[in-house]
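I am attaching a structure below and will ask some questions about it afterwards.
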Amino acid sequence: MDYKIDLKTELGSLQLESPVMTASGTCGFGRELTDFYELNELGGLIVKGITVDPREGNPTPRIAETAAGLINSIGLENPGLDGFIKEELPFLKSVNTKVLVNISGHSLDDFKKLAAGLAKQEGIGGIEVNVSCPNIKGGGLAFGTDPELVFKITDLVRKEYNGFVMVKLTPNVSNIIPVAKSAAEGGADALAVANTLPGMKIDIESQSPVLATGSGGLSGPAIKPVALRLVYEIVKHDILPVLGLGGIMTADDAIEYLLAGARAVGVGTATLIDPYAPIRIKTGIAEYLNKNNFENLQEIIGLAHKKGANL
Amino acid sequence: MDYKIDLKTELGSLQLESPVMTASGTCGFGRELTDFYELNELGGLIVKGITVDPREGNPTPRIAETAAGLINSIGLENPGLDGFIKEELPFLKSVNTKVLVNISGHSLDDFKKLAAGLAKQEGIGGIEVNVSCPNIKGGGLAFGTDPELVFKITDLVRKEYNGFVMVKLTPNVSNIIPVAKSAAEGGADALAVANTLPGMKIDIESQSPVLATGSGGLSGPAIKPVALRLVYEIVKHDILPVLGLGGIMTADDAIEYLLAGARAVGVGTATLIDPYAPIRIKTGIAEYLNKNNFENLQEIIGLAHKKGANL
Amino acid sequence: MAKVLSNKPLADKIFLLKVRFKDGINVKPGQFFNIKVCSEESYDPLLRRPLSVFDFDEDNNEVSFVYEIKGRGTRALSNYIKGDSLDIHGPLGNGFTVDFNNKKLILAGGGMGIVPLFYLAKYIEANNDLTLCLGAANKEVLKPLADYFANIAVELKLSTDDGSFGSQGTISCLLNNSSLGKEVEYDYLFGCGPEPMLGWLQSWLHEEEISGEFSLEERMACGNGLCLSCSCKTNDGNKRLCKEGPVLPASEVMLGGL
Amino acid sequence: MAKVLSNKPLADKIFLLKVRFKDGINVKPGQFFNIKVCSEESYDPLLRRPLSVFDFDEDNNEVSFVYEIKGRGTRALSNYIKGDSLDIHGPLGNGFTVDFNNKKLILAGGGMGIVPLFYLAKYIEANNDLTLCLGAANKEVLKPLADYFANIAVELKLSTDDGSFGSQGTISCLLNNSSLGKEVEYDYLFGCGPEPMLGWLQSWLHEEEISGEFSLEERMACGNGLCLSCSCKTNDGNKRLCKEGPVLPASEVMLGGL
């Protein structure tokens, strides 16, 4: 089913062959997906979040299922910056698609170190800055809820790293616009919208929270309406190019994000349930464009704003 | 199935025969539910939000279905304060359960007028203050996202109204604690946690948002993990008694909220799908208590905090 | 709760569903049912789907529906098979006015708007003169539906957008047609179909000074008058289509109002 | 995709599910499959459910599972009937070590932990001496499972918590029993069951200086090594139970570690 439709897109300075990327934390460091397809079939690959030092992650249970949703509290299990560079990067360099490295920190300094460390490496398409982690100094509230901190982190990363920088926002804010603007002011090239929503599940038999950490991040179809609205809002304010993600399971879901103005989309939870999901979604987008007589992907990006202009 | 289990509970000064109330906007003004059961079977009835003046509500479509969720944008269609008092209150006075009147405003003055108007009426169990409406002066952001405004509204209502005042919080905030504290400082007796999350759906055939207003409020099972976590957080900070609501479909869901520390629960979307839901849930709670050898409802309230004490 | 007796395609994406209720029910033409399309273990799809009564067999408590597959709810419904139980609420809504006697009545239906007219026609045909004006996109959709009406004593006028069955054009052509309107004196019209069709009918009724009523559609969350998602603007204030409707006086409805 | 051949209760809340795959598959004892338990039109329940292979018929590509109804996922699974298609991923994970010859092997299973031992026993019984120690809550659960082992040349030791079948007590009693441990020299143990049982086995293996391996469980989101929800702490770092497991060397596993 090759419709020869041009699926090219870009997120600011990042050129993508197609708009579907895998989301951080749901595609490991890429290796496992090669059992299913060639990674160059993907628009891009956003690898598991790394931290300065290796982390063994949170105690288990780390996941809980909710209605059309998944709560996770993996706790950033990862080999650390050096481990990543030594164990994972060589393979990723061999991959013929855009690889973004998701970085997480618990202090401003963490972000700085990670950006500096990655700046020295070849073969990385860019950095995705995860600002949804709790800020230890700030009493555990996520960095991403404070526009000031988002500015600072972005600015630090920008100064250390010349390449493509995308800031991944948390949906858990009263107003996303100031946060998005802060990332822009800090020098981000694009925004990823959005990360998970804080959520909890309680086991009524044991009368205690299911997750060992109590609460975690809600992803999957349940959060799609929330993330989609945020994408629409940010695009309306014309702040930065947006990667839309949250609950994308099918091409139809991805198309909603593109119509809302996302220039590319991320697929997370869906890949866990079906590793082929990103490819199915890519094909489905081409089918939709073809069926509706669009010439290329760009024609539909943001279309919902024109059609719903009075909103 | 009468387990003779004591389901009594209270929300601050409000005594309830059982913990299950119907949520605002999902039980009209109570009349329609009498086709299904006696209203005194309910712990309480929270009627549709009223405004100072009558409102014809938003254009249609007013609802969109999402994964395990419902987005609504009814736009507070209601007969206004006087209409409510004339057309609906006489029936509600005849009802033998606690009736809370949900009030909404687009300015501080609106809330003041509504509280003053209701203060003169008999037969009302209390007021539920909906602070999730957009603040027209504040650029359309919901009042409930600003602790300062929540304090002011609560304070105004408190001064006009002697009875039970519950403030219904929006989940769409970076940090719910300051907002909850503001309501307490303003003199609220209890908190309802939570209202809907902002959300959107786009119709990929017409390439425009499904709702006439673009976006609306997400309710139903999809949001349960989010609201449940907020209840847990607020209870942990021991601010005010909490009515928990958001996505409660079954007794098991309600029990999760009670274990998280809610002293009563609200059932919204579930009542739309099955008007008997609140009664089914009440019975199911009694069954659970019985099966697990609890003597009364109070024993399970907040239990998840004890069991998950280290969280 | 009802048991599925059969659930079979009538045309591409159009299904006939027959169910039997355990308890006796009383259904009026123009009423609808609200059907849960997911299993007990699932909350997705969340909402019920409203479907009009296509036919009712009182003796056996059997209700038939005709539905078009539009999205995942109706697609899920199409997977139910004989013997499955279906969680159905209803009958809901007010239904058509059926106490006419010796009247000349027009029943105008477009697309799936034809569905509620069948039980209506059966219900009132014995005491009245009925003219059925039915339109749809093409023969494939129209013929299987129109065939049902062949057994009842009605005058049947058909049109399709592509002319593949009956005359070519919309329902307006059937009503503008010389055999209608001017020469015969009609007493009343029942209309159901897409909004543009109802808009045209409304003007036509006004011009011809005929009264009538429409069965209307709006997205519904509850079907029980609880949520106000189905409000319809009328010159007598907002009406809930699930409760005061879905049938409203044609002269009252303000189409595209809210 | 696989077709359901049968799905029937073995005991209260315990089902035997047999499916046939269209394409040839190769399944090792101890591997598992990840099963979607909702229809295509639904996202709820969202995640697949992991189930161990109970039995495998290579010639017909048939896999059997035995599962206990725990929550809504397994409840939904129990509603599938013959002829339904089931969206199944697998086989997944590493599986048990099966290249033993002429060894004295203990297979210890508790509760649903008995399930993966059946295909294992069938697979290795021809070349080895097997002692099966199976425990469960009561006769109702244990008997139907134990009956499967009756046809293979194994020594079967049974216990139930309530003494209703086999000896009363936990698996530890079977292993402490004089016929085991000291007198016979066992070479290796396969264990699967609740964590307290594995903890006890771990100490016992250590004392007796026997090596062995455990099949472990953790909540899984992907089953493909992508999400790290199934991490298990070992003295060789974290291992993903869906990828490097579910079978790990008994001496390596740090139970209750993460």
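Brief remarks on what is shown
Note that the chains are named A, B, C and D in the order they appear, and that numbering of residues resets to 1 at the start of each chain.
Please note the rule applied: contacts are C-beta pairs under 8 Å (C-beta built on N, C-alpha and C of every residue); 3 or more make two chains touch, one makes a residue touch a chain.
Predicted model, so just to flag it, every value in this text is computed and none were measured.
Placing every chain at the mean of its C-alpha atoms, the farthest one from subunit B is found to be D. If you average the Cα atoms of subunit A and of subunit D, the two centres end up 36 Å apart. Separating the CA-averaged centres of subunit A and subunit B is a span of 33 Å. Chain centres here are Cα means. That of subunit B falls 46 Å from that of subunit D. In subunit B, the residues touching two or more other chains are 66-69, 220-221. Across the assembly, subunit D contributes 43-45, 73 as residues in contact with two or more other chains.
Viewed as a network of touching protein chains, the structure reduces to a complete graph with every chain in contact with every other. Listed in rising order, the residues of subunit B touching subunit C in the complex are 25-28, 32-33, 35, 48, 56-70, 72, 74, 77, 212, 220-221, 249, 269, 271-273, 275. Interface residues of subunit C facing subunit B in the complex, by the touch rule stated above, are 36, 43-48, 73, 218-222, 224-233, 237-238, 243, 258. Touching subunit D in their complex are the following residues of subunit C: 37-39, 41-45, 72-73, 75-76, 79. Against subunit B, in their complex, subunit D makes its touches with residues 43-44. Considering their complex, residues 66-69, 71, 141-142, 145-146, 172-175, 197-202, 204, 206-209, 213-215, 218, 220-226, 228-229, 232, 247, 252, 255-256, 259-260, 288, 300, 303-304, 307-308, 311 of subunit B touch subunit A.
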